[in-house]
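I've put the structures underneath this note.
Paired with chain B in one complex and with chain C in the other, chain A is shared by the two complexes that follow.
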Partner chain A sequence: MSADPHYTLYHPRWYRRRMSVWWWLHNRAYAFFVLREITSVFVAFTALLYLWQIRALIQGPQAYERFLARLKTPLFLTLDTVAFLFVLFHAITWFNLTPKAMVVRMGGTRVPDWAIIGVNYAAWIVLSGAVAFALLRG
Partner chain B sequence: MLKRITPLLWLLFSTGGTVAAFFLPIHLLLTGLAFPLGWLEAPRYESLHRLLMHPVTRLYLFVLVSLPLFHWAHRFRYTLYDGLQLKHLTVLIAVLCYGTALAGTAVAAYLLWNIP
Partner chain C sequence: MPSTVALSVARYRPEQESEPTFQTYEIPFRKDWVVLDALNYVKDTMDGSLSYRWSCRMGVCGSCGMKVNGTPKLTCATFLSEHMPGPIRIEPLDNFPVVRDLVVDLTDFVRKLKQVKPWIVRKEEKPLAEGEYLQTPAELDAYKQFSMCINCMLCYSACPIYGLEPSFIGPAAIALAQRYNLDSRDQGASERLKLMSEDDGIWQCTFVGECTEVCPKHVDPAGAIQQYKLSGATQWVKSLLLPWGNR
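Here is the complex of A and B:
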């Protein structure tokens, strides 16, 4: 808490106990929640990796070769493995949460959760296949 | 200002999260693991460059980079608030997070727009 609390009309004086920064380690559900939140860091990492690849492709064949060589270093293999696991975790938790964020009704009845989740996983497989096809065709 | 654009930020968060969930795992699996480890042969420069020339690819790559960055910005902002209890730094954190996402978007737009 800051030294200068902002008093509001209906909470003239709040007393809050100090919480440890590690509050989320005490409970498995909290740890799961924080782990899910941290996936965003690896989502950003992957986006930047792609930005780097685009730049290398624009600069020319030598830059692209350097990019490929850099990805083979232990540092990047480790980073990419960890990032892949986190991005996978993001995808799975994201799809499983879709029915909670989006209620679909058809003919007056609510589409069951498993159907919405199933459509997401099916689309995931199709889209991943399309990306792999586009990249590997050449 | 931050309050007024909050709905937009949530929208960017959720579309970015969806794009990230659908597309990033396969890209990372191929580019980050399968190609460097030699499970599959990395695409040749010519074929990727030809792919990059297509306007649809450029639009796709722009979305692939930009929206997940906004997803990160929004989620990471709240991770910092809750995880590290930095509520008093609201404005600074917001500027840094969304600023980074905006910068990444600008770089992506610049690169993809100016391909010779």
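Here is the complex of A and C:
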């Protein structure tokens, strides 16, 4: 398809509107969407934090102590709390959207949306439980 | 309920004004009137110069799509009583050039629709003597929802991606492509996927989801696009792992 953004041949009498930079503030659904898109920044932040933690672990006990001390500073506590809330928002909104992308048919009928969403939450709980078990056991 | 209601209608008369203005009409309020009835009342009794499209009055033709109080709606299916006490703001659909008053130009959509080949593509037609292509109820069910589209363009009006990137193929055309991909009689999925995998295809969509919200026929174009993305990605992985495969 051509990259030409014009709908049709130029027609001077037709009124063509330009979208405002603030289009996402015009409607609650759009604002919610933009918020969901922004969560990806915090997901990336959380992933980088884990990588940093692993690096500190590899460097030895002293480095790991320094890493933990840095996490306890008000700056990181605030950042962590905000990132946690956004990651939670990210997970919940995307879990709830999975049935839109995945149509599962069993025995000729479509598996209801709640079941597909439920499998996501169940996997989340089971995996979190497994991680918690592995950590708290030792 | 009051006996009258104010309609604030967007007017654009290119021979008179360089951008749209609003004109207010005070009309009688009747609880069995939809917005289209109100516009017809204005045109018949108050101002014959008002331009808008309509035809069937029963949610089938897809001609009377407009923005009612900011939301894209079929005006034949939107009651005045839902928006009382008013005033009720009526504007042309977003993201299309306005030709006059509430009439927008849809050439762009029609061009895109044709590109997605919204018909049954066969590699080889079977001879008439072999009879029709049969389909089970389950096979019909697989695509039926996406076949309900009436091309009313409410989804294009609600889609900010289409507003920002007018070259995006857009919700209804992709949903209709998916309708034929899922049809057991069709063999054109790989041809369509080529177009859909390009810059203006399915990957432009960031899943805002408003197309599905405004769809008067419950087609769920957002779902169609996400399912298309999933099958497109699966196809891509397959072609990496099995380059000698025929698709």
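In the analysis below, the second predicted complex is superposed on the first by the 120 of 138 C-alpha atoms of A that agree within 3 Å, B and C clash if a C-alpha of one lies under 4 Å from a C-alpha of the other, contacts with A are read in each partner's own complex, and residues count from 1 in each chain.
Criterion: contacts are C-beta pairs under 8 Å (C-beta built on N, C-alpha and C of every residue); 3 or more make two chains touch, one makes a residue touch a chain.
Predicted model, so just to flag it, every value in this text is computed and none were measured.
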Touching partner for A:Ala83 - first (chain B), second (chain C), both, neither: first
Touched partner set for A:Val41, first chain B, second chain C, both or neither: first
Contacts of A:Asn27 with chain B and chain C, given as first, second, both or neither: second
Which of chain B and chain C A:Lys100 touches, first, second, both or neither: second
Contacts of A:Trp52 with chain B and chain C, given as first, second, both or neither: neither
Touching partner for A:Met19 - first (chain B), second (chain C), both, neither: both
Per-residue touch tally on chain A - higher for chain B or for chain C: B
First (chain B), second (chain C), both or neither touched by A:Leu136: first
Residues of chain A contacting chain B in one complex and chain C in the other: 1-2, 19, 24, 37, 101
Contact set on chain A toward chain B in their complex: 1-2, 19, 21, 24, 34, 37-41, 43-44, 46-51, 53-55, 57-58, 61, 64-65, 68, 71-72, 76-77, 80-81, 83-84, 87-88, 90-91, 94-95, 101, 123-124, 127-128, 131-132, 134-138
Touch list for chain B against partner chain A, complex: 14, 16-18, 20-33, 35-37, 40, 42-52, 61, 64-66, 68-69, 71-73, 75-76, 78-79, 82-85, 87-88, 100, 104, 107-108, 111-112, 115-116
Chain A to chain C touching residues, read off their complex: 1-8, 11, 13-17, 19, 23-24, 26-27, 29-30, 33, 37, 97, 100-103, 108
In the complex with chain A, residue positions of chain C that touch it: 12, 14-15, 19-20, 70, 94-99, 105, 107-108, 112, 115, 138, 160, 163-167, 169, 195, 198-200, 206-210, 212-213, 220, 222-223, 226-227, 229-230
